[in-house]
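You will see chain A twice below: alongside chain B first, and alongside chain C after that.
Showing the complex of A and B:
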């Protein structure tokens, strides 16, 4: 699974740096580097209240530094394991 | 025609609000005239002497008035110091055209250091006497890469009685400038390296006003920078093609702009995942474009770098080695280029409203950058789309 995290201006201010760092750590802790490819992306055209994140072709809502761990465990990790 | 690159740093004597050294610069056609004047004493009095001397000399020399007449004018104009009974500021005049021809006139400042190929190249100084004052003339035939460094005596006094008993020896200063010479380095960087060394020798509290002026003949290099996509998306292709057809390097600032450029060029846009500076979003890559970076946040940081770079009182070394977008853009804009063409697209990104990064604040940053680049002697052209 490819996860794209937006690093555009608006998402940067919404915390994409912290989201990226936390995601790197979470993926490393679970040894899921071969299942999940993390990528940065310029504006994905969904600027809003949260950091724009796309897992394969699906947008993941509500991501920021505070919610990323929960979203990773409940949505992203199961999705990656399912393939 | 070459680019006359210059930069100077002027550090105040400790506890002084005003500097007693002064650098003036004027351009008349393709002739650049620089004056470094060091007023007797320090503080207000020295500042007035140095300001009058540099301003008068620079204006008159730029108008091709014989140097003897310029000196007479200065002697007749300077207020006489009540304490010392003299009116006096030492000075160095550098006059240089864009083909590298010109002259240096030196009066009582430490001798100018001329480097060719990074090696000291002694000037053939001719002594002339005006009203009892010994003045030295040297003809200049500069080649690209040649560098002149002229200083006030604060440089040779650096560290007296502190880190160095007798100050910094002229021969050692020359050797230092040879070691630090970089052919492609900016004049401002060279000036700041020497001034920063003095600042360290003084233990960060200068015992005297310390000024370093560097003038360097460089090849004219152009940077084209695109900031923001055009208001009318129908013009995307035409604007990108015009932008890319310009000679020189190309930088694209902004996520949407990068996507527009990549689309028109039919190239892939990829983005880096590294945050060398966490305030600045990562850079991207498009084949054929020298720098791809995010827009407003990167520009904001670049402006901060440009403000420090152009501030004569900033004592640190002025160069940008960082791998973040703002450092790389600052290096291209401030150190690498003699001419800058700015393509500003005014399309508004609604997602940026209310975050303090709206279009108005971006345009404000661009205008401030433009003023700084112009003040540094660069040829700046701006177009709006």
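Showing the complex of A and C:
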């Protein structure tokens, strides 16, 4: 699974880098580097209240540094394991 | 538009560019007619205050249209002199003005080592004998003898402008480093830069058809430029032109700084690679020093490569204050990372050609780069970054940075460096005095522009370059 994290200005201000760092750590802790590829993208065209994240072709809502761990465990990890 | 530009020559250039861009959107026929119709648009007549008559004024505008449409493709220089526009300013260096009283002492003639001055009512200088030493001008108690010089020649600190047999200015491409000082200084606008706005229009039009994402990479100097609108509104305006997003070149500067710091660990001396005119100056005039030029790509190229790694199908247009960036982006070493370069002047023309009034637009955020990347726009910015971050990079040897502000300072320092007499070992060079914020293609050149750049630096969310570097490394991972 490819996870794209928006690093455009709007998302950067909402904490893209923190999300990237936390996600990297979570993926490493689960040894899922083979299953999940993290990619940066300059604007995914969905500037809003949260950091825009896209898992394969699906937008994941409500991501920021505070929510990423929960979203990773509940949505992203199961999605990646399902393949 | 006087609220925007420094000089009337810039306004003239702007009018031509705006019309060319507008026509490019209206269709091929309108563009074909540009060289015939724009001169009449800009000089409607029956009178003109620009030249001796409307026909000459129109002939000059026609040449400007040619430059706005890309200029002479066979001339690799970005800067061209338009012979028809060159006013053949006088080249006799010293001139006796009517203030000469024809006094009894005539110190001017006494001090002249060449015996070139005779007194007949007034002093008269024989140009055949005159050595251009200037002693007469200094000696005259009335200051009646004045030094005449061509603004282009005076502005060119490396002696790349010569006067040809027809008294027209001529640029020596072997010497010229394309800093653009002559472009800004010629009061007739006879020396000007080629424009690639039509390439930019094509990129945007193609993108509209096939869905390619086009990124605008803006130079940090932009914050001091559009005084009538907020930078966030300019960003929104650029997006309205058809750009997918606007990215700060300063983010590339973060990475350039990271790489230069890494290079510094292993070398004795390093000269910066950000300013293409500085690099070109070393290459053309001090080839012995080429070995010290940093191998780090410039911030423009670094940022463009970053964008292309995240989205290989995208296009990148750099928008800046610089004439030599228009040359740099075509160099082989950039690997085609940048697809087009336009200037701030051209951006203003572009926005107006598309009837976008930025001052009425909502704000779109701009925040990718760090404090250090943003202050690259001013002279001394890179040197400051190196000084403050060297410990983080485990550089234990003494780093002694120097910021060379403008080609004159650069010349003096390189002369010393060439004979191993320059004590500093990190040499930042910026061809324009003050740095990019005073670039030749800035809309205006004010001393206080540096405050805007400092403020913009302070507003960066990232206080140092580590996150930009982490992102850079992440995009390298496959």
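By definition in this document, the second predicted complex is superposed on the first by the 83 of 83 C-alpha atoms of A that agree within 3 Å, B and C clash if a C-alpha of one lies under 4 Å from a C-alpha of the other, contacts with A are read in each partner's own complex, and residues count from 1 in each chain.
Going forward, a contact is a pair of C-beta atoms (placed from the backbone, for glycine too) under 8 Å apart; a residue touches a chain by one contact, two chains touch by 3 or more.
From a predicted model like this one, the values you see are computed outputs, not experimental measurements.
Applying the stated contact rule after C-alpha superposition, one finds that A:74 touches neither chain B nor chain C.
After overlaying the two complexes on the shared chain, residue contacts for A:17 are found with chain B and with chain C alike. Of the two partner chains placed around the shared chain by superposition, chain B and chain C are both touched by A:39. In the superposed model, A:58 makes contact with neither chain B nor chain C.
Counting contacts by the rule stated earlier, residues 7-10, 12-13, 17, 20, 38-43 of chain A appear in both its interface with chain B and its interface with chain C. Listed in rising order, the residues of chain C touching chain A in the complex are 215, 235, 244-247, 307, 310-311, 364-368, 461-462, 467, 470-471, 474-475. Looking at the complex, you find that chain B touches chain A at residues 254-256, 258-259, 269, 271-273, 275, 278, 281-282, 284, 294-297, 349-352, 355-357.
Those residues of chain A that touch chain C in the complex are listed here as 7-10, 12-13, 17, 20-21, 38-43, 45.
Residues of chain A that touch chain B in their complex: 7-10, 12-13, 16-17, 20, 38-43, 47-48.
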